[in-house]
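Shared chain: chain A. Partners: chain B in the first complex, chain C in the second.
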Partner chain A sequence: MGVINMAHGELIMLGAYTTFIIQQLMPNTIALSVIVAIPAAFIVSGATGILIERSIIRFLYGRPLETLLATFGVSLILQQLVRSLISPQNVPVSNPDWMSGSLAINEVLSLTYNRLYIFLFCLIVFAALYILLRRTTLGLQVRAVSQNRAMARAMGVRSERVDAMTFGLGAGVAGIAGVALSQLTNVGPNLGQAYIIDSYMVVVFGGVGNLLGTLVAGLSLGVANKLIEPSAGAVLAKILVLVFIILFIQKRPRGLFPQKGRAAEH
Partner chain B sequence: MLALSDINHYYGESHTLWDLALRVPEGQCTVVMGRNGVGKTTLLECIMGLQPIRSGSIVLAEQDIARKPAETRASDGIGFVPQGRQIFPLLSVKENLQIGLPARKDRSRRVPDFIFELFPVLYDMRERRGGDLSGGQQQQLAIGRALVTDPQVLILDEPTEGIQPNIVQEIGDIIIKLVREQGLTVLLVEQKLPFARRVGDYFTILDRGRNVADGPIDGLGDTLIQQYLTV
Partner chain C sequence: MLIARILKNDRGGQIFLALLLLLSVLVPLLNLGLPKGHALHVSTYTLTLLGKYLTYALLAVSVDLVWGFLGILSLGHGAFFALGGYAMGMYLMRQIGDRGVYGNPDLPDFMVFLNWQELPWFWHGFDMFWFTLIMIVLVPGVLAFVFGWLAFRSRVTGVYLSIITQALTYALMLAFFRNEMGFGGNNGLTDFKDILGFDLQSDATRVGLFLASALALAAGYLACRAIINSRLGRVAIAIRDAEDRTRFIGYRVEHVKLWIFTFSAILAGIAGALYVPQVGIINPGEFSPLNSIELVVWVAVGGRATLYGAVLGAMGVNYAKTWFTAALPDGWLFALGALFILVTVLLPKGIIGLLTRRGARS
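Take a look at the complex of A and B:
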């Protein structure tokens, strides 16, 4: 689509705040709150995404640098909005009982339940997204519009609606990510900032527009980071991963899984 | 029946189509001819709504569609086979066909069988990616894809360009069959005179964005060819 969305991190942040607000609304049923927060965050972030797309991005399609600047502005606005309306401080989000504790495999290795649930949840979201793009009419239209907009319109695809739905879908999934993150990390106005750079590294490494590449790249970069961290420290680990990606894209500019065959030449 | 009148189109300051009028009679094949750069492809893109027109009307089945957005034309009954085929390269052949299904009047969820009967190669290749097909196969896919929307009018932009002779022959046969047997209205842009004569019922010659001559295809004589078509 030719859009670089710097506000994607803030859509994650909105999802995390949605979890916080849901918990404020139903303080006696924390166990359920996270489940309720998933669709709620999808709707809040998705609607915000559609609003951003309709009001700003649709005028900037095909001009990636301008979308980068404009959405950077949007990200600042969203952060300040949360600071002004809720609080500049971090807000408390509680873990439901069923996500607390850990699974002790042996004396030295135990895995916390919240991370296990989130890992499982990621796989489910990935599968749902994959099925949506591969098996539904909307998915077919999204792919057609991204490959040849004029021809898709000539075939009767309402391209503007598809743009809005695509952007809303991406934003909604970011919102869901926010629900997951609210269980792992501090929920504050700057939550999104920490993840946007990592996300870009994953996308560039995996290959732009490639769902499977994103999954493999996300998993491998995360694991690599954690393997280096104990010996080199968190900061050096990040730097090493970044250097690796820079070297990697010199050799494979299209990422891990580039498009192959005759079609890739277009 | 499709009727265009007083079409004016500009690329920026450059005036490309001048008060252009064109009648495409129902159940017949009309061939638009002319040298390179006279506005043939632009004209088709205007009919599809992919190029904005400055003025004029495009009447299809007694309804002026000139101001409607491009995405409504398919369900209004216009099928489009563009220049260069414009297959969706990363969609499978089947998906390339399915994309037109929502534009059908009967809301069918299946690609009609007659398309695979017209183009058996598409059935054999249905799981392959559109971009991996040869030029001739892509052209057949482009025609099949336009037919999925169940159009009243089929618009083709140089369907024989860069295609080997036996496939050109086949495409010609299919156009004739669609017109004669199914009563489809066809608007065809074509540079090759023998092909135009074989499939066409009527002709229109464009020169510098104007309709300079039209009539039954038998009237396309040597004087007109000398004046407007030979380079």
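Take a look at the complex of A and C:
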């Protein structure tokens, strides 16, 4: 869509908080709660995303820098909202039984179940998103609008509706990511901010408008980060990765898998 | 006169500089001349606060130069500000001498605390003021030059550049949080005693710093205005409006961008160096991406591409921040967030745009 949404991290945070609230609502069935939380988070974050798109972003199409600033404002408001309404502290989200424990392959190598499940879950979401964008009418329309808005409109695509749907979809996926993250890290008002720079780095690295590139970039950056970590420490590893990306942009300003054709000019 | 020539056709600038002159005469007089308790007495607290706003205003002017006239939205200008601040902080640290908590004449307190035996190489020279002054200009300048050279050469533009600059300041923040870096870790540098032999706590020194900030702001404003009036400035505006066309006509777009970006970073560094002695602390929090984005909003609120709008925005937003954090601490982020949205959606030209539109209509 050509929109940089700085509030995306906060949509992840909303997804994580949705998990927390659902666990509060059904304390006796923690095992089920995560399953329930996935569609709930999708709806909560997706609806918030559509609201943001309809109320703010649609006035700013074609002005990417202003969009960036306005969505940053949204992210500040969402953070403070969570702080005021729920709590400025982190909230506890419990892991269901079937996700805790670990799968011991041998004495040295053991994989915790929650990470395994989340890995599988991410693959499923990725596949679903891929199919949605490549095989459905909505996906076709989304790609058409992002490549050439005027022409898509001339062919009868209701571009405004597609915009809202695309944005809502992106926001909903962020919400699902929040559910997954709530099983791994602390859930607090700053959850989103910690991930926003990382996630844009992944997109810049992989190339904009390209799901496969994002997957490759996300995996390789994450693995690189973890590989440097033991020898250099967590913070230094992150700095090295950032410096690497800044240098990488020199060689491939449009990422690993650049968009081709007319869409690439924007 | 040079100043008159620069300010020709710049009514906003004339008004602003006149107000600044008035402020820098009146405030010190009311602070030093009148006894405490007098109705018109300006407390030293207010004076220092105003001095702090002036350094913010200089920072905002430097952002407006690259954003308003060159079209580069830098979300990392806070980094240059903080680097200038750290350079000054290191000088002030060395001035403490053996009056620190541990009384070690050779090492700053935090190094004694970390059991370091000798001064790291990059701290040498910071006990001399002239060396510090060079570093205040050189460190942000060189960083901006190298970063800009890499980024502009490969034609990283628009939001990508914004994100990369944000990554830059984020990386620096993480780096400065590390104790091993030798910049005081997350406590930063503080407990300053004096500057050039003058006690930092005394009223007269505060007035001196206030005047220095006002002078730097005026000089920075005139320099930016002079650049914009020059041929270089015209090319910059052409780049902002149609980068590809300017390139096709034959201008070296990346060179223009690089020089103006570097100059702007140096201005930001100077603002940081004046900021630190007035607030008395510098820590890695100054590098946080939020700070850099906030200062872009000062410019947006005041009005882009006017320079004096940036000053107005920096002063106004920071006054509101001071007021809010005292009266409604929870409300500030709501207000700031709403400001981001309102300014971009409803007031793309900021307060100055609103004022001039009113003026044109009547």
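Here is the rule we use: the second predicted complex is superposed on the first by the 258 of 266 C-alpha atoms of A that agree within 3 Å, B and C clash if a C-alpha of one lies under 4 Å from a C-alpha of the other, contacts with A are read in each partner's own complex, and residues count from 1 in each chain.
Here is the rule we use: contacts are C-beta pairs under 8 Å (C-beta built on N, C-alpha and C of every residue); 3 or more make two chains touch, one makes a residue touch a chain.
Source: prediction; values computed, not measured.
A simple residue count on chain A separates chain B from chain C, and the partner touching more is C. When the two complexes are overlaid on their common chain A, residue A:L236 makes contact with chain C while staying clear of chain B.
By the touch criterion stated above, A:I249 is placed in contact with chain C alone, chain B being left untouched.
After overlaying the two complexes on the shared chain, residue contacts for A:R83 are found with chain C alone; chain B is out of touch. By the touch criterion stated above, A:V223 is placed in contact with neither chain B nor chain C. When the shared chain is aligned, chain B comes close enough to touch A:S159, but chain C does not.
In the superposed model, A:N148 makes contact with chain B only, not with chain C. In the superposition on chain A, A:T137 makes contact with chain B only, not with chain C. Once chain A of one complex is fitted onto chain A of the other, the partner contacts of A:L120 are absent, as it touches neither chain B nor chain C. Contact residues on chain B toward chain A in their complex (touch as defined above): 48-50, 69-75, 80, 82, 86, 88-91, 95, 98-100, 102-103, 129-132, 145, 149. Interface residues of chain A facing chain B in the complex, by the touch rule stated above, are 137, 140-141, 143-144, 147-148, 150-159, 259, 261-264, 266. Remark: chain A residues 4, 56, 59-60, 63-70, 72-77, 79-81, 83-84, 197, 200-201, 204, 235-236, 238-239, 242-243, 245-247, 249-251, 253 touch chain C in the complex.
Looking at the complex, you find that chain C touches chain A at residues 73, 147, 150-151, 153-156, 158-160, 162-164, 166-168, 170-171, 174-175, 177-178, 289, 293, 296-297, 300, 330, 333-334, 336-341, 343-345, 348.
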